[in-house]
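Next come two complexes, and both contain chain A; in the first it sits with chain B, in the second with chain C.
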Partner chain A sequence: MQALEKLRDRIIQRVNINLRELGFDVTPYMHELTPIKQMVKFYAFYGITPHHPLNFQFTHSNLAGSYFLGRCRVTNSLLYKSDIRGDELKKEGSVFQFQQFEIPINRDEHIDIEDSFLIKTLVHNYSHDPETLEKFFIKDTISMHYANIHGSPSDGCFLGPFSTVDLTTMHDCVVGTFSYIQAGEISHIKVDPGTVWIRSSDKFNFLYRYEKNHLDNYINFTAGNRPKGPLFDFVEDRKKDFEQIFAMVNIDPPRSVPGSASLDRYAVIKPHTNISENVLVAQRAYLQNSWLGKGANAQENCYIINSRLEGFDITAHGGKIIEADLGKKVFVGFNSFLRGRPDARLTVGKESIIMPHTIIDISDPLTIPPNHIVWGLVRNKHDLETSSMPLSDFSAIEKKFSLGNMIFEGSGASFVSALQHRIEHILEANGAFFNGAENKGHAQKNQSISFNTIQPYPMGKLKGLYPSIIIQP
Partner chain B sequence: MNNFIVKDLMVPLSEYATVQEGSTLFEAVLALEKIQEEFDREHAPYQHRAVLILNRNKKVIGKLSQLGVLRAILPQNERNQQIEDISRFGFSAGLTNSLREKNRLEEGILNDIYKKAVLMKVEDYMQTLSEGEYVDENTSLDTAIYQLVTGTHLSLIVTRRDEIIGLLRMSDVFAAVFHAMKSGELTE
Partner chain C sequence: MQALEKLRDRIIQRVNINLRELGFDVTPYMHELTPIKQMVKFYAFYGITPHHPLNFQFTHSNLAGSYFLGRCRVTNSLLYKSDIRGDELKKEGSVFQFQQFEIPINRDEHIDIEDSFLIKTLVHNYSHDPETLEKFFIKDTISMHYANIHGSPSDGCFLGPFSTVDLTTMHDCVVGTFSYIQAGEISHIKVDPGTVWIRSSDKFNFLYRYEKNHLDNYINFTAGNRPKGPLFDFVEDRKKDFEQIFAMVNIDPPRSVPGSASLDRYAVIKPHTNISENVLVAQRAYLQNSWLGKGANAQENCYIINSRLEGFDITAHGGKIIEADLGKKVFVGFNSFLRGRPDARLTVGKESIIMPHTIIDISDPLTIPPNHIVWGLVRNKHDLETSSMPLSDFSAIEKKFSLGNMIFEGSGASFVSALQHRIEHILEANGAFFNGAENKGHAQKNQSISFNTIQPYPMGKLKGLYPSIIIQP
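Moving on, here comes the complex of A and B:
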C-alpha cells in the first residue's frame, strides 16, 4: 500500500500549500478518511458511446469504483467511487458565448484531474471559465463524500461532504459541509458549512445560511471523523444495494422501460417503480416504489422513494425525495433532502423550485403551492412561511429583500428567469422533450453505451495503483 | 517643519490616561473622562482620545481608543457576526446597513451598556502595539508623519531607548502642519 500512501501524502502536501493562507490543514481529514484498504478492492469502469469523443488517460492513480465518460485525464490522483461524467463537455467547432465575446472552441474539451483526491464526488457539466474553455481542470483539490463539482474548475481547494460548487472557478478555497456556491469565480475564501450562495455579479446575489445547531441535526463533519447525521446515514444505509449492482457483470434491463427512456445499469431500481417515456435515470440513482412521469429525471446520487413525480421533474445531482408527490415540472436542486413520512406526505405544486441544498423534513403533512420557490430548512408550516415565496412575488423584488436567514440583493426577476431558463436547459439536455425523432438528449443518447472495467495492481510495490492506460478510438 | 522633532510635540506619558491591566472597560472610560477634565485646553486644543493599558511593571502593553470602546460594546452574537460577514459575499454597504437597522430594532445595541462595561476587561479589547507604532523621541517630524500615514495610526508611542515617555498624536501633528502652512502663506 506504500504507493497509495505516498500518493496520498503528496496530495495532502500540495493542497496544504495552497490553503496555508486560510490556515486550513487537510491532514486530519485525509488520514482518517482515505479508505486505502478499500481502494484495492474495487474496479473502475468507463463508458463508450458513439455520441461522446473518447480519450481516457490514467497515470499513477487509483480509480477505485469510479466511473468515466467522455474525455478525461487523471494524473497522480486518488478517485474513490467518484463519477467523472464528461457527457456535456464542449465540442470542437462550437462557440462559447461570454458577455459580448463569442469564443470558438478549437478542440474537444477534456476533464483534467491532477494531484487530487475525490471521494464519492460527482464531476459533471463543462468549464464555464472563459480563460480555460477546453480544459476543465481539477488540480490540488480534495473533495469529500457526495460533493458535486459541476462546471467548476478548481485549483487548491477543499470541499466538505455534500458540498456543491456550480459554474464557479475556484482558487485556494475551503467550501464547508453542505454548502452550495454558484458565484462565477471565488478565490482565497473559506465558506462556512451550510452556506447557499448564488451570485451573478451585475444582476443578483442570494445568500442563505443554515444555523449551525440546525445543520448539525442533519450533517456534521469535523476533522478526524467521518461525516455524521441522518443525511449521511440515509445514504450509507443503502450502500449494500449498490454493491450488489456493481458486483454483477450483466444486468437485464426491466422490460417495462420505454424505448425513449434511459435507465443506467448502475442505478438501483427497487420494486414497483414506474419509468415513463423520456425519463433519464443516471448511475448511482436509487428508485424505490416511485412513479417517474414523462420527461422526469433522476441524476447521480439521487434517491426517490415512495414518491410520485408527475412529469418533467428534475431531481438534480444528490437530490433525495421520500414520501412526496411532485406536480409537473418541479425542480429539486442539488443535494436537497425532501423527507415526508408515510402518514405525513409532502406535496409540491407544479413548477415550483426547490433551491439547491434545501432540507424539507416534516412530521405533519405539508403542501407547497404551485409556482413557489423554497429554500433553507423547512420542518413545518411555520418554517415554510419564512423559507418560501410565490415566484411572482420573488420576481417583483427590485433592489433588496430579506426573509428569515435569506438575504437577496438585485433583480428578483433576473434571478427567477435565470433559474427557469436553466430548468428548461436541463430538461432539453436530458432529452425530456424528445418526440421520437427530434430533441434527443442524454435519455436517448446514453442508451447505446457499453462499459469496460479496469483494475489496479493487486500486489507488489505498485499495489493499489492502476497501470498507466491510454484509451482512444 | 524641518526643525521639529517628535519630542517637541509629544504628550508626556504622565499627562495621558492610563489604567492597569485587569481594569474594566468602565474604569478605562472613567480614566479618560478624568484626564479630559484636567486637560489644559489653552495650550493643547485637542482632547485625548485613548487610554493606555499598563502592566504590573508600568510598561505600556496596549492602547484602547474611543473606536475600541465602541467596538467592544457592539453585541457579539451569531446574528451580528453573520451580518458583518456578508460583505465577503459581495453585498452592498446599503444592504448591510439595512440589516443592521432591522437587527437594532429587534435587539438594540445599547441595552444594558453599563452592565456590559463593568464586566469587560480592557486587555480583551485593547489594541496591542505593532513595531511600526513606536518612534524615537529624536526622530524628525517629517519622518514621523510618514510613519503615521503609511501605518494609518492615530498616534505613535514615543520612546527614549527602552522606555516609553509619551505619545505623538495625529491631531497635534496636524495642528503643527496647519500652523506651518499658515506661516508660509503669511511669508509669501
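Moving on, here comes the complex of A and C:
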C-alpha cells in the first residue's frame, strides 16, 4: 500500500502547487474521501473493437473499477471508477477546422492522464483546443465524484463533485460542486458551486447561478466530508445493482435488443425496459421500467426510471430522469436531475432543451411545452416561469437579457442554433440516424466490444498499483 | 475469422515440414477437432503476484481460455484452454548444475511459444536442457487435449491427447496418445500410443507399453475424430462445473481453507471437501467430497472424488483419483486414472508410487501395500502382480529385469532414488513443509494472485486474434 499512498500524496501536492495563486488547498477535501482501501478491490477494464484506435499504456497507476476505450495513456495516476472514453478521437490525416484555420492532424490523438486523481469521473474525448489537437491531457488534476471532463484538457485543476467541464481547456482552476463550464479556455479562476456558464468568446455568454441554500438541499460538499444530499444519495442507493453486473465476466444481453441498438454489458437494465432501434445505452447507464424510442441514447452514469422517451432523445452523461414523459428529440443535459413523482409526473414536449445541470423536482404534475429551453431550479409552475422560455423567444434575444437568476449577453439566435447543432451532432455520432446501411454511429460500432480486465498487485509494497501494461494493435 | 484460420493452416504446415522425415501428416488429426469457433468465445487470463517474474508478451495469437503465470511470450500461436505456468522459472544470477558443469543463468528464463497450437495442454517450466536454460521454447508444435509439456522444450512436434513429455527436449517427434516420455533429449522419433518410457542416459531405462486393445478401451484417437473413450468422457462430463467458475470475475474462497493453504479461484470445489494446512489446489483442479490432509497437493487438471488423502500426497497434473483411500506421501503421477467404485474402494498404502500414466480401474476392492511402485494397467489383484513391486525389491535390480509388459535396464536403486528425490522436491516446491515461517512454496506464494482477463478482437478480419499485449513490472 505504501507506493499507492505516496502516489496519492504526491498528486495532492502537485495540484496544490498549481492552485497556489488561488490559495486553494485540496488536502482537507481529500480527507476521509480517498477510498485507498477500495482501490485494491476493483478490477479495471478496457474495451477492444476493430473500430476504435487501440493503444493503451498504463504505468504504475491505480485504475480501480475504471473503463477505457480508445487510445489512452495513464502514468502514475489514481483513477477510481472513472470511465475514459476515446471513441471519438481524431485520426491522423484528418483536418480540424478552427475559425479561419484548417489544421491537419499529424498523428492519432491520444488521451494522456498524468499525476491526476479522478474519482468516478467521466472523461470523454476529444480535444477541441486548437493548441493541442493530438494530445488530450489531464495533468495534475483532482476530480471528484460524478464530474464530467468532456473534451476538456486540464492542467492543475480541482473539480468538485457533479461538476462538468465541457469543451473547455483549463489551467489552474477550481470548479465548484455541480458547476457546468463551457468556455473555450479558462485559466486561474475559481468557479463557485452551482454555476452554469456557457460562453462563446465572440457570440454569447450564458450565466446561471444556484442560490447556495437551494443547491445545498440537493448537493453539498464541504472539507473533510463526503458529498451529501439527495443527488448523491440517489446514486449511492443504486450502487448494489451495479455490483452484480461487475461480478460476471460476460452477461447475455436481453433478447429484446434490436440489431441496430447497442446495450453496454456494464449497464444496469431492470425489468420492463424497452430498447428500440438505434438506441445507445452506455456503460454505467441505469434503466428501469422505461421506454426508449428509436434513436434515443442513454449516456454514461445516466438513470432513466419509470419514464417514456419517444425517440431521438438525448440523456447526457449523468442525466437523471424519473417518472417523466419526454416527447421526441428532447435533450437532457449533463447531470440534470429531473424528478417527477408517481402521482406528479413530469411531461416535456418535443424538441425542448433541458440545459445541463438543471434540477426539476416536482410534487405536482408539471408540463414543459414543446420547443422550450429550461435551466436552473424548477420545483413548480412558478419556478418554471423564471427558468424557461420558448426557444423562439430566446432566439430573438439580440444583446442582453435576464430572467430570474439567469443572465444572457450576445446573440440568442446563435446560442440556440449552437445548441441545436450540437444535438444533431450527438444524435448522428451515436448512430440515431442509422438506416440499416449508412450513418453508423456508436450504437452500431460499440455493439461488439471485448472487455479485458486488469488488476493491481494484490500485495507487497506495490499493492494497489498496476504493472506496466501496453496494449497495441 | 480469416486471420485465425490462416494462422491455423500455417501452423499445421510448419509442423508437417518438421515431421516430414517421419512421414507424419498432422492434417487429418486436426479435422473436426479445431474449435475455431470456440476460440472467439473464451477469455484468457494471466496472474499477477509480487512473487513471480512478471513479463507477458502476446502478439496476434489466439489464447482462448488459457492461463498464464510468470514470464511468457506467445507469438502467432493458438492456445486453447492451455495453462502455461512459469512459477518455477530460473532467475538471472542463479546457477544450474548439470553433471560436472556449473552454468550461470545470464538472464531470467522465459517461456517462448511460437507457431504452435496447444489444446487443453498444461505447460510447466522450467527448461532442464543445459543447452537452452534461459529460454523454454515451444515452436512449430501441435499438442492435443490434456497433454502435459513439463519442463520439456519442443520444436516441430506432435503430441497426442493425454500424452506427457517430462524433462525432455524434443525435436521433430511424434508422441502417441497417453504416452509418457522422460528421456533427456529425443529427436526424430515416433512414440507409439500407450508408451511409458523413462530413461536416464547413463543410469536406467524403464519401458512399459499398453496393449493396443486395452488402451483403446480407455482412450483412443484416430484421424478425423475427437478423442474417444472413458478417460476423455470422464473429463468432458465435468466441463459444466468449470463453466460456472469461469463466468464470475471473482469468487470468494470457502471459509474452511487454512491460511497456509492455497486454493486457486479457477478450481472446482464441490461440497464436503476438506483442505488442510499447506495444501495446494491448482487451477482447473476438481475436488469433490474428499479429504486432503496436510501438505497434499492437487495439481492442474486433476480430479479427486469421494477420496481421502492422508497428507503429503501428490496428485500430479491430470491425475484422477476416484473412490480411493491414500496413505501418507502417496505419489500419483501425471494423467494416472485411479478408479475405485463405491462398493469397491481402492486403498493405497503410504509412500507408494503410482507411476505416471497408470490406469487402475477395479470392480472389486483392491489394496496396494505401502512402499510399492505401480505401473501400467491394473484391473484386479491378478493384474497387480505383474504391475507392481515393493520399492525395496525394485531397488535391488542391478542390471536387467522384466515383469508383464514392463522392461527395466540399469540400476533399480538409482531409479527409485530419483523418483523419491523428485517427490521430495515437488512437496518442497509446493509448500508442503511450510512451518509458519520457513519453507514457503506455491501453496503460500500463490495465495494472492490477481487475475486479469484478455479477449480477442470480437469481429472483423482479426476476429479471434488478440492485439499485441505487453505486461511488464
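Keep this in mind: the second predicted complex is superposed on the first by the 473 of 473 C-alpha atoms of A that agree within 3 Å, B and C clash if a C-alpha of one lies under 4 Å from a C-alpha of the other, contacts with A are read in each partner's own complex, and residues count from 1 in each chain.
Rule of thumb we're sticking to: contacts are C-beta pairs under 8 Å (C-beta built on N, C-alpha and C of every residue); 3 or more make two chains touch, one makes a residue touch a chain.
Not measured: the values here are computed from a predicted model.
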Partner chain(s) touched by A:Ser187 [first = chain B, second = chain C, both, neither]: neither
Per-residue touch tally on chain A - higher for chain B or for chain C: C
Partner chain(s) touched by A:Ile469 [first = chain B, second = chain C, both, neither]: second
Partner chain(s) touched by A:Pro50 [first = chain B, second = chain C, both, neither]: second
Which superposed partner A:Ile454 touches (first chain B, second chain C, both, neither): second
First (chain B), second (chain C), both or neither touched by A:Ala247: second
In the complex with chain A, residue positions of chain C that touch it: 43, 48-50, 54, 246-250, 448-462, 467-473
Chain B - residues contacting chain A, complex: 78, 82, 86, 88-92, 94-95, 98-99, 102
Chain B partner contacts - residues on chain A that touch it in the complex: 183, 189, 197, 199, 201, 205, 207, 209, 211-212, 400, 402, 407, 409
